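One chain, chain A, links the two complexes that follow: it is found with chain B in the first and with chain C in the second.
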Partner chain A sequence: MKKILQITLGIVTSVGGFLEIGSVTTAMQAGASFGYQLLWAVLLGTLCLIFLVEMSGRLAAVSKHTIVEATRERFGFPFFFIVLIGMALVSFLVLVAELGGIGLALQILTGVGFPWWAIPVSFVVWVMMWKGTFSLIENGASMLGLVTISFVVAAFKLHPDWGTAAHGLLPTFPDDKKANYWFIAVSILGASISPYLMYFYSSGAIEDEWDETYIPINRIIAGIGMSFGGFLSMAVLIVAALVFHPKGIDVEKFEQASLLMTTALPKWGFTLFALSMLFACFGAALEISLSIAYFFAQGFGWNWSEDLTPSKDARFCLTYTVIIMAAAIPLLFGVDPIKVTIISMALTAVALPLAIAPFLFLMNDPIYLGEHRNGWLSNTVVTIVILLSFVVAIIAIPLEIIGS
Partner chain B sequence: MHLVRDVLDKELLDREEEPMGRVDGLIMQLGERSQPRITHIVVGGATLWERVHPAFGRLSRRMSRWWGPKRDKEVRIPWSRVKTAGRDIKLDVEGKDTGAIDWELWIAHHIIEHIPGSGHEEADDGS
Partner chain C sequence: MRLKRPLVLAVTLLGACKPPTPEEQMDSIKSWLATSEMVAEGWLRHTNPDKYSRQTLELSHETLVQISTDLLSSLPPAVDSAALDSVLASSRGHIDQMARLIAAKNSPDFRRQLDSLRADEKTVEQLSNGMPKQ
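This part shows the complex of A and B:
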């Protein structure tokens, strides 16, 4: 009975925590510019994420190591340091984007511009980290994130042609705007396969004291939770394809993007969109701040647990305090959160091999996983998707920059 | 035991199972007639950064002179204090006596405890 409860909770938190500014923005862009044509990228990204999240949980349950701890121990400090720099930079940019997303949501709700929200929002996020416990952040924030299910409601209410949509699940080459098409495809992959999610998940498994009996539970949570999460992204894409694509609306303007759901839900659409962005970005901001602090603390062997009082894990708390404060600065100066989102998602795709390659080596290492190491299927799927994202990213990003 | 695989970079736990950093370096003694043997574990500081690049080591030394807890010597823990080496390295020492968590205590004392709600007030009441 307890296990069923844990599975349900795990799935609910995965669904509630899935969407954030990256997945929403990239899915909206894809739908607005290319209709259903890029649904395959969401499918591919979600599939890869399911495998990666399952691996993160399995590594923690079997070896009692988080990914970060195992990376430093197996590959040594100099290599770990390179991964640390790469992941910290990318995650920091994503944190700026999420804090900005909260600001934008508040801006459309109140009319007060997002730069004004930078300090209050960062402060609230920091207080949650300072006083909250791990389960409050994991469960509380994701429960609020369940409001994002309204995207699915909106998608159904618009009665899309499911047959045409299904065609989008298979990759096709675009007729025009080729560079933009691949750039958005890469951004979707970067937004779906968020490395911080793996670090957060494996640290969570250690905080919740998982052991080998959790392997089946972990598989169910990763599989079902992330699949439902992927459906949410697809719903955003479908709604954008139906509402924005025919009119040729550019979603880089947030005010226009906020009208995403008003066609399907005239009365509540606007508020639901704002609340979805607000809670989704809030949950993600907490998870990313924690992940960055975990990365430093685990890598250097400091005390770390979100459940300790700050004076018991001072360096861990100092890390997230500094990072949250620093992330507010670009927003104060009015740096456009949507631009930061788009850049950080594409950069995530470029940085993926740095995070995933050592992780795959660990997952095949008998020292850490014994008989529970990876099979050929997970190795193949993850390797192909990561290589694909990387190659397309280094081709598409320069083209996109030249193009614009 | 493989030194690099099973010892270097592993987490160190003190007598109370509290983390006290990682094995950032090892000191080996080469005798004229005896076999080489590991004498100390080094924790933190310039030793760690030198592994990335000597310039980082110099930078780390310079930084620690004007900021943070002052120490003249690097933190060395005698190998004889190692109880077990498995998932982590368990030591028969008190973490704060070794100097390995000087930075943790310094940051707690100088920064974190000045922020309301850091929890050190409650700890004081309890003791």
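This part shows the complex of A and C:
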């Protein structure tokens, strides 16, 4: 009975915590600019994420190591330091985007510009980190994030032609705006396969004291929870394809995005969109802040646990305090969170091999995994998707810069 | 010397960044006109709050002023720039009026401005269809 409850809670938190500003913005831009044509990118990203999250939990449950601890131990400090710099930079940009997302949601609800929200929002996130426990951050924020299910309701209410939508699950070449098409595809992959999620998940498994008996639970949570999460992203894309694409609206600003659900849900659509963004970004901001602090603390061998009092893991707490404060600065100066989001998602795709390649080595190392090492399927899927994302990112990003 | 190569590469890349083409600018204009129409329809149906609607119409107006100026200075000769200038100025006027009418909660006048904006959108669409594809 306890395990069923754990599985249910795990699935619910995976669904509630899946969407964040990156996945919403990229899916919305894809739907607005290319209709259903980029659904395949969401599918591919979700599939890869299912494998990666399952692997993160399995590594923690079997080896009792987080990804960061195992990477540092197996590859040594110089290599780990390169990974640390790359991941910290990319995660920091994503944190700026998430805090900005909360600010933008509050802006459309109150009319007060997002730069004014930078300090209050960062303070609330910091207080949650300082006072909260791991389960409060993991479960509480994700429960609030369940409001994002309203995207699925909106998609069904618009009665899409499911047959036409299904064609989008197969990759096709665009007729025009080719550079933009591939740039958005890469951004979707970057938003779906966020490395911070893996670090958060493996650290969470250690915080929750998983052992080998959790392997089946981990598989179910990763498989079902992430699949439903991916379905939420697809719902965003479908709604944008039905609402914005026919009108020729390209989502450049958050003010345009706010209209996403007003056609399907005239009475509550506007508020539901704002609340969805508010809670989704809030949950993601907590998870990213925690992931960055985990990364530094586990890499440098400091005490770390969200369940310890700050006096017991002072350097861990100092790390997230500094990171959250620093992330508020660009927003104070009015840096557009949507632009930061798009850039950070594309850069995430470029940085993926740096995070995933050592992780794949670890997952095939008998010293850490014993008989629970990766099979050929997970190795193949993850390798193909990561290489694809990297190659497309290397080509599409310069083309997008040169093009506009 | 070590720094020279990345610097040259960065400068070349920045130099290669070209401004948006007239076609892209026209798409952006149509996108913001459609956004204004959607916001206005939403305000009339009471699906968007007043403050958001007013601020978004003001943002549309501001953005359209900027893109229109850039577009009119780079239009290909095949396009009737006087007609485009006139219809864009008219559209911006309607959007500006609608933003003001929200404060006065004047729905009948607001509806009239929206109808005129829709007519302008059609004209912009026709002029845009006459633009040579790049």
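To be clear about the criterion, the second predicted complex is superposed on the first by the 404 of 404 C-alpha atoms of A that agree within 3 Å, B and C clash if a C-alpha of one lies under 4 Å from a C-alpha of the other, contacts with A are read in each partner's own complex, and residues count from 1 in each chain.
Note that in this section a contact is a pair of C-beta atoms (placed from the backbone, for glycine too) under 8 Å apart; a residue touches a chain by one contact, two chains touch by 3 or more.
On a predicted model such as this, the values are computed, not experimentally measured, just so you know.
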Superposition on chain A - do chain B and chain C clash or fit: fit
First (chain B), second (chain C), both or neither touched by A:Thr380: neither
Touched partner set for A:Phe300, first chain B, second chain C, both or neither: first
Arrangement angle, chain B at one end, chain C at the other, chain A at the vertex (C-alpha, nearest 10°): 130
First, second, both or neither for A:Ser258, with chain B first and chain C second: second
Partner touching more residues of chain A, whether chain B or chain C: B
Chain B versus chain C as contact partner of A:Thr8, first or second or both or neither: neither
Which superposed partner A:Thr172 touches (first chain B, second chain C, both, neither): neither
Which of chain B and chain C A:Asn364 touches, first, second, both or neither: neither
Partner chain in contact with A:Thr164 - chain B first, chain C second, else both or neither: neither
After superposition on chain A, the shortest CA separation from chain B to chain C (Å): 17
Those residues of chain A which chain B touches in one complex and chain C touches in the other: none
Residues of chain A touching chain B in the complex: 63-65, 69, 72-74, 76-78, 80-81, 130-131, 300-304, 309-315, 317-318, 321, 367
Residues of chain A touching chain C in the complex: 108, 110-111, 247-250, 252-253, 255-256, 258-259, 262, 266-267, 269-270, 398, 401-404
Of chain B, residues touching chain A in the complex: 4-5, 8-12, 18-22, 24, 48, 51-52, 87, 103-105, 107-108, 111-113, 115, 117-120, 122-123
Chain A contact footprint on chain C (complex, rising order): 13, 16-18, 20, 24, 27-28, 30-31, 34-35, 37-39, 42, 45, 47-49, 51-52, 55-56, 59
